[in-house]
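Okay, got some structures for you below.
Look at the two complexes coming up: chain A is in both, with chain B in one and chain C in the other.
The block that comes next holds the complex of A and B.
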């Protein structure tokens, strides 16, 4: 795969999961509470903070006395509204796209690439059609109810404001579930019909390990050699030297045979042997017993997958004892539930490039439908996230602004978060917005030093304030890349639980809780009738 | 024994402010009044006098700038008070994509009513407001009068103790208006408290026990309708038809008692009565038409 998704450790690594959520959520809630108490004290005297505490108590009471019946009533209303306002017409667009998409997908491509395109297309279409529709519905529902005052007939019944927010989110999520499920099934049937005769739909279950490099002298380093590629995803080892890439795989259950799969890239400094690819060798290592078991070398298939099988009993020529020897993979090589494999390139002067996900143990495959519908579930989770943000923002701003706000969160979370972090950390050259603008106008590229004067200092000061705002934003806007699970399925992989599913679920729930609080207080503290 | 207060308003002031918090309008100024259990109370006043603002403050749709409101013994901001309240807004702001049955079912759910209760109550109310033939039609297809009727039905779904009606007869034809007034009286007879505000003074006069007249956000009059309307300095007599001689004799008698006849003539019915009679006759004899007399033809 051309991306490396790190596992999401919710419970075992508190620093990255729950604790971070508690810090950010608790921090923001604490700051808002303290500010409210201080402001109310300044305006109303002692009665101000008393009233604030009263609201907090009221909030607790309202959250502890939720009525599932009322929540479902509002959800039901939302579903009927979406259906009668013809939101389901999105199916017509979907059906239209599915009917004619086959004409435009390239049938001259390699079979596996055709499958990849078909899967990507089906899942992307589901996602691109569902999310905008639900985004608009969720952002316009409450403001429209307030505008035409339908909400007055609801809030004058014994309905708590959090029930309205929850009901709306639940209702739109149910609509989303229906749309995504139906489109997912139609998309699945369509994908099955698009598979060429010489290809099949597969769902590999990989076990990834950790990766570290040994340089030409055999010393440990975090990265290998950079061969000049701007994309630093893969690192290279030099052939014919002590350099190697050391993978450590977690392995629990003994088996008679394990299957290894890899996709390495070659970087050549000379033509090499005509008609032959690079020679590669795996060496199984037990660091505790200082045992090294070299396997037979093989030629790699560039731009394609290499499959190797390792039997439990391995015979090899022991260089130390100058004798043939047989070892047991699990008894002699696996050390503390970890299998270490060093990858070496045997062609001197040539380089072999790899990244962490390029080499893995392949467990028995799952049904393609499993991976596919996990990706469909990912689209649903993203839609629920969008709905939560949309409904919440629509409790304090009008429809167009709520739409813009939600769309921005979605856009930044999916595409621009990395850029935002680069800006904050200073990795992105050229300074903040004002400095960038100044450099553009004065034709100064980002390597040139700015003059040392008061104007530049003021400019950089303003930039620092803006970057501070960005720092705050990066804590508020999540990384939504984990929701996009189609690359796994399109590349023939199962969607991993810890990397994608758990992360997406955690983000969705993590944002749902503050959304409910913000939505509740926003609807409670505003005068619904105010002009 | 003093009757229990259902609504208590003390020194209620409402100031609308602009985005920057500057005062824009003082909609209510130090309003104080009590509404007793079981009475029909009317809020009167010209446009902008603060009637609807008062109603919305009672419902918690607006927050008071100053003063206190107690509704059914609870603060206006307490959601639980709504369990015993029915509210008919000025316009029927209902969900136009629902039909009558769905509308009542939805509002019934908001009161945690069971499916059986909702069904029974919906049928009862649809019949009460006369929408049996339109129960499956979406509200967007309803006339204004029909929308008012279903609005009233949703206000009564929970069999409330206190009913707040904002312009209840607006948009209704005289028949509908009469039905509405009859219903208000019926609700009163059942021991319910009704607070209504209306521009149609005749309607208020017909059904209200007490009224409050607001002007520019201030209370100008408060009391029982008959007390406020009674002319203490005049006496009204109604007799069978008198000849001119008899009228002259009456005048002479009055003069003997230092009084004079201010006006005499034939009393007239209200236009509403005439209209209702005509409609009733038409229902009884559908074929009968108006035929102009010979004088009218010329």
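The block that comes next holds the complex of A and C.
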């Protein structure tokens, strides 16, 4: 498990969440409106902006007078159409995969790894089967209606264009909900039957804190030591020194006992005692009272979760008073609803690596079904997002183009955003597309300087324009990684509300609203006779 | 003319055409059955040149299907998987990395270097990333199992067999954790799963790791009879089964076992080294030689006759190969070690140190003196061992223990002692060894 669970803060500041969305959405809408008014003024004179305002008024009227009955009628037609187009055949493929998947999953692995594989497989299968089917259906629905002219019979009825778009999205989403729910349940039963008897399906509820480091001298440091790992996810503290990793956990409800779990990594500079892992110690700290309570040391189990329990009443040897003392966890140690724990490595010359999500307070577990079905809901939300983009794009382009567009948004949102950001920020060496091509053809390494001439300047100028387009894309296409919740469940964790669920829900709704607007105006303004 | 035919006649003509065309296809491409010489021309050619999928090793239907489905995109898919593998390695996602390794191998089932690289990666690199010895052993096993799988799918190739033997032998028997690894090889740490016994996949016969390795090295030698290996010199490659037996006997001693089993192990090692490996023929540029040839006048005459070279040249050549394998040393060593006197000498020195550690210094002194005397006898018989570092250090260590006992007793050590000659001859080795000794037992 390497996910860094940073919470999604909806209202924390102006740059986050809802307010950011309002700013972007309002900005785009304003720019489009202003451009439309100006263009219409240039082409038609004063009557142009009047007509634009008329369309806006009509739009407002249409959105304020939505008829749920009509929307549901369109949705129902969409469901029937999806069934007629044999969308439900996807269940046959699903059944086939579930029947034989067990043959290809390694049953010799450790029990927890088998659980991980089984859960990942079930959830990945559900999403990989559902999303392509719904993507194709949503992208081809309206263009096909236009082609066979069945949309003409609908628009001549008292149905508003936004109701058509909403009905389509609702209909496909209902189909998606049915498919995902059915597959989710079957997948759940399959996982229960697939996992070995000695494996447990768990759903941990972690409370993560913040992390800061103290260096060898005991001074505050942003990071620990890098022991040479390419991956800088973890930072290391040196054993047998004042170095420690200080975690601060939010804690508000007193309990008789709290459970801590950690997943630290060891790095040895000498063999040490073979057969004995590194010794780690937790020190509970109250900075206000300057109280430090060392707990018993323990050997770490690397790449595994080490469980420790802290009782409310803790007895320890107070080195200051040279006496044994008992303190109360919540009365004496928790300070302003925050529990501070310093992690130390006791082996001299050895290093202990950690990152923020490596250490957490474990609340009572939830049922595995809770986490699993949250992940299934995440797949459903992603499908709704895809449907929204698919239906909207199908209102202004034909089926193949809409499919390509939606697929690209999905692909970039899930896997290529990081690469795109690296390109835009210049972290990725090799320049833009023209420069890369030039370097490929001339066998020029990306670390070599380009010659300083006019040709190169033109090339980089064109690249900059293209990268500007990419910058816009990067802001338009959302990060869809939060929708993929299976890693949480596969690693035995609950899907956190603020980190994954809220973020995914917000992205889905955040894109649904502009999609409805774009879809409505595209369908209103387009020529339905066009083939 | 075709236009004049009716539709039915045309169909008939097409059918006849198809049957006619089918005949050469059948003759050329008919698949082979289990019988030798069966199948079409292509199948027979495949058999003749060992190119058929089934002749290369066990066929994995998933792999064959994957490669068929990917068509020309196999290279791209492999590249993507290798990039994924690197990311997973960097991010220490070991379970996922193991799964990706399997996927790579599905696409490249007969690419020997891929098997060798990925197997080494599991057994050596991934295992070293883990802190607990049990976890490290798990990944060594994963590497060994991976090599075994590779050997099964590429049974004609000697290299993966050798890698399997090398992992079971050297990795398990010579790592820093060799004591634990060797024990785990017979009693897997996952006691629940293997019921206190070994992991049956890598040790089905409950053998010592070196003896298991020996079996795999023998398979490598068998495969090498037909197919060339590119790992090392032929003479070295072929010495590995016998070397494994030597390692086995040596490991028993390292573990402090000085009974008949150990002596028998050395006896077997001597037989393997001299009678098997010593008489194994190696092709030089144009004539075969063997390590024990100089011991047989008739053999030498045959070689001289076959090669057309003079005796001195042949002897130089054999000497060269013997030096490469350290042949003469191991022959002497094995011969010395199979003697009862040598076994007892090791036992005395080991027991003497053990008694010393327990504080029974009188008994330790007595046992050490006997051991040193036996050491002297051995050195007198096997002079060649007087240049072996490990042998010498064992003797010097025994002397240091013996001297330490005199210091502890506040007594002056006798002027004369069994290995005085060795001590004086090897004085230049003493400082380093004394440093290690002092770290372990304290300086005077």
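Everything that follows uses one rule, which is that the second predicted complex is superposed on the first by the 527 of 531 C-alpha atoms of A that agree within 3 Å, B and C clash if a C-alpha of one lies under 4 Å from a C-alpha of the other, contacts with A are read in each partner's own complex, and residues count from 1 in each chain.
Note that in this section a contact is a pair of C-beta atoms (placed from the backbone, for glycine too) under 8 Å apart; a residue touches a chain by one contact, two chains touch by 3 or more.
None of the values given here were measured: they were computed from a predicted structure.
After superposition onto chain A, the modelled positions of chain B and chain C are compatible, with room for both.
Of the two partner chains placed by the overlay, neither chain B nor chain C lies in contact with A:348. By the touch criterion stated above, A:221 is placed in contact with neither chain B nor chain C. Centres of mass aside, this uses C-alpha centres: at chain A, the angle toward chain B and chain C in the superposed model is 120 degrees, to the nearest 10. Contacts of A:80 after superposition on the shared chain: chain B is touched, whereas chain C is not. By the touch criterion stated above, A:425 is placed in contact with neither chain B nor chain C. Of the two partner chains, neither chain B nor chain C is touched by A:47. Once the two complexes are overlaid on the shared chain, A:70 sits against chain B while remaining clear of chain C. Once the two complexes are laid over each other on the shared chain, residue contacts for A:148 go to chain B alone; chain C is not touched. Once chain A of one complex is fitted onto chain A of the other, the partner contacts of A:266 are limited to chain C, with no touch recorded for chain B. Per the superposed model, the minimal spacing between any CA atom of chain B and any CA atom of chain C is 32 Å.
On the side of chain A, the complex with chain C involves touching residues 2, 104, 106, 108-109, 113, 116-117, 198, 229-231, 233, 265-266, 268, 271, 274-275, 277-278, 300-303. Residue ranges on chain A touching chain B, taken from their complex, read 62, 67, 69-70, 72-73, 76-77, 80-81, 84-85, 148-150, 152-160, 527-531. Remark: chain C residues 62, 90-95, 98-99, 102, 130-133, 135, 176-177, 179-180, 192, 201 touch chain A in the complex. Those residues of chain B that touch chain A in the shared complex are 16, 56, 59-63, 79-80, 82-83, 85, 87, 89, 91, 93-95, 97-98, 102, 106-107, 109-112, 138, 154, 158.
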